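Think of it as A, B and C in the order they're written, each chain with its own count starting at 1.
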Amino acid sequence: MIGTDLLGIEDLERESIERILHTAERMQEVGNRVVKKVPTLRGRTIVNLFFEPSTRTRASFEIAGKRLSADVINFSTDSSSLKKAESILDTARTLDAMDPDVVVVRHGVAGVPKRIADVLSAPVINAGDGAHEHPTQALLDLFTVRKRKGRIDGLTITIVGDILHSRVARSNIYGFIKMGAEVRIAAPPPMIPAAVETLGVKAFTSLREALDGADVVMALRIQNERLSGTYLPSVREYSATFGIDRETLRYAKDDAIVMHPGPINRGVELAHDIADHQHSVILDQVRNGVAIRMAVLYLIAGRQERSFG
Amino acid sequence: MIGTDLLGIEDLERESIERILHTAERMQEVGNRVVKKVPTLRGRTIVNLFFEPSTRTRASFEIAGKRLSADVINFSTDSSSLKKAESILDTARTLDAMDPDVVVVRHGVAGVPKRIADVLSAPVINAGDGAHEHPTQALLDLFTVRKRKGRIDGLTITIVGDILHSRVARSNIYGFIKMGAEVRIAAPPPMIPAAVETLGVKAFTSLREALDGADVVMALRIQNERLSGTYLPSVREYSATFGIDRETLRYAKDDAIVMHPGPINRGVELAHDIADHQHSVILDQVRNGVAIRMAVLYLIAGRQERSFG
Amino acid sequence: MIGTDLLGIEDLERESIERILHTAERMQEVGNRVVKKVPTLRGRTIVNLFFEPSTRTRASFEIAGKRLSADVINFSTDSSSLKKAESILDTARTLDAMDPDVVVVRHGVAGVPKRIADVLSAPVINAGDGAHEHPTQALLDLFTVRKRKGRIDGLTITIVGDILHSRVARSNIYGFIKMGAEVRIAAPPPMIPAAVETLGVKAFTSLREALDGADVVMALRIQNERLSGTYLPSVREYSATFGIDRETLRYAKDDAIVMHPGPINRGVELAHDIADHQHSVILDQVRNGVAIRMAVLYLIAGRQERSFG
């Protein structure tokens, strides 16, 4: 069973993941209707509390909430104006006193959603916290892989990029391993976390070796500003060594799919034409994200509700 | 009867205040349901026209409107881009031409909501104007005190802080006096308005004297930037002299409640632990704010509506 | 028939314009009800994708969508953060993958809505692109003139101001000519596009001549920053030569109406008292804008829907 909050994949059991994926299948049917709306969360209030700028994730949660007939309140605050943990918690407590049914939190600092969840009555969904976790992204990635490949168990997933600073990578590593996949990571050494093997992944500094026989190639977004340190490669060098193009993709399986959490730096993580390649499932990820967020909102905010129309 | 607009408490009669508080009691029942929504204002449009940044008050009006099934349009404009009164009024007239049922206005300059109300067809609710009034804040404070104390008449209310620049203080002074309370203010001399006694309050420069026997202690938010003038104390000095802590609270009645309009500067107006003290009703104020705003929106925008489900 | 997208008036046939105006008449009846809402687009998602700051147009589309019971998602991005066409298209593709029923696009660069429409599954409505077109503005202007004058055919329309940089002028020139009006433009020579007569208009550099016998006087907003070039007049000079006041208005017909797309620079394009003159229809334009946008959203997003309640 899924708990009160969804703070990360690390603490989620496999059967909870299965339940979310199963619920998302039903939610996706709603998205295929002309009237893409069910009354499931009518009269429930969802607060999007974003301390970090976001457009895609906020829009995805907002659309998901509205398709369930919930009221969605957006509340974006510049982190800089709320630097003190005390102010952040007071802001969260204030919104909590308005009796929302779920609060979706994004913050640039790891652990903030957990600290907020500790003081709130309302359940909290982590929409990304620093380099910690981004659980709904991992869930939509699992959902996308399972829909394309029919299974997750036994597949080889290669995650390429700045693993060290990526909450997407962390959540996906937990998720794919729990679901029985083999997870490989490929990155320049300074972007590989220390002792990453303890998470159950294999680390590679050669893209070709990491891609060999892969079913899924997941490229991460590179933050250009990170590529300026002493030990880190330039953007050009990164792209030449770890960018995915048609040539490097040949090392993966013939039917390998290409994923990216977006937004893409075309010509950096992915060659210009790869995002639109027939094996790219990047827009499927976005589409599936709405279904996953509907599922999670339903399972967390709709607890007292029985029927699902 | 409540008029067409709600611009301040100064012009509100006691029986109008009673009616709003009574309506808010019924609205609060809606907030306690699983489906926190009534169809009362379905098809009505509420425009939040905020010329001053706000998160809490805007969210409170938005949630209140949505719980009444109204459509809520947020319209935030930086005051700086609309400095001329002419531009402000033209913006308001433009929104008015889209036939909203009520326009909620916040502006940094006193009197702007009144000037807007004078030119608009739609009723206007003042959500705070300069150092003038913030009527829904005072109404939620009255509501909170009455719920906690069972009455307002005959209570002693001590308001502590920058009375001179506070619209919250002004509206509360009018409200509590109309409802039969004794109102005291406590502040450093430069923060006490000239001839404030003509409003019917007693002014103190000693916190202890002001708190003696108080039923309600209301601390105001201190704007740090105001504490840098020649005659004004430093933040540290203010906190030592007018900050509420467990020790100073002993001068009030044993069952005194502590209020604050938020956001709190912990360690300045209130000692770090006071906001979470058992006698603090700060989160109740926030919760009651939604019920008060539902009541005001219902009474103002729902005039042609008969039933209240 | 109106096509899938609405990108400009240039490509719209007269009968499509007629159909939109006719639909807007029925939509306006909805706006006159107490419950200003029909279930026509329930469960449909409208995305407002604004790359240029806008308050009036965004609010108008949002109110129009909500009166049709659609869910409206606002998505405002500073153009500066998305300078590359590739990023703009990827952002649009991402939103498209969330299955909106229509995407309303505003961008500072001419042609962007067309490029977005080319890659999207969802229909696109142009809400203004650079100096190219602003079709819903022209439609609401046509609607306003027809309501006031009973017809468009045979009328004389004089558009005054910076024609060269105005998408409003361009769209209105196409629209009024298609509908059988005579269109004149009046501006200082540097603000008249080269070979403008090929559009079928008559160009004047004398305001008096241009206004002679006009049924409709449409003033355009002047961008102050444009009035600082070598060949351009100062604001004061512009106002003296091309500003509309009671005196110049005498050259038009006695029952001429005065229009302006807003926001007005009072004292520049229009004398201070003209906007509130009995012949001014500026607020009617705003009101009619909601009805026109409801009509366009209904015709484009409601294709699979039969009934209109």
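We take it that a residue touches a chain if its C-beta (ideal position, glycine included) is under 8 Å from a C-beta of that chain, and two chains touch if they have at least 3 such contacts.
No experiment lies behind these values; they were computed from the predicted model shown.
Taken over every residue number at the interface, the positions common to subunit A and subunit B amount to under half, indicating a different-residue contact.
It takes 120 degrees of rotation, in steps of 5, to superpose the Cα atoms of subunit A onto those of subunit C. Subunit A and subunit B have centres, each the mean of its CA atoms, that are 40 Å apart. Chain contacts: subunit C has no residue touching two or more partner chains. Partner subunit A is touched in their complex by these residues of subunit C: 42-45, 47, 71, 73, 75, 77, 86-87, 90-91, 93-100, 304-305.
On subunit A, the positions that touch subunit C within their shared complex are 31, 33-37, 55-56, 59-60, 62-63, 66-67, 262-264, 266, 275, 283-284, 286-287, 289-290.
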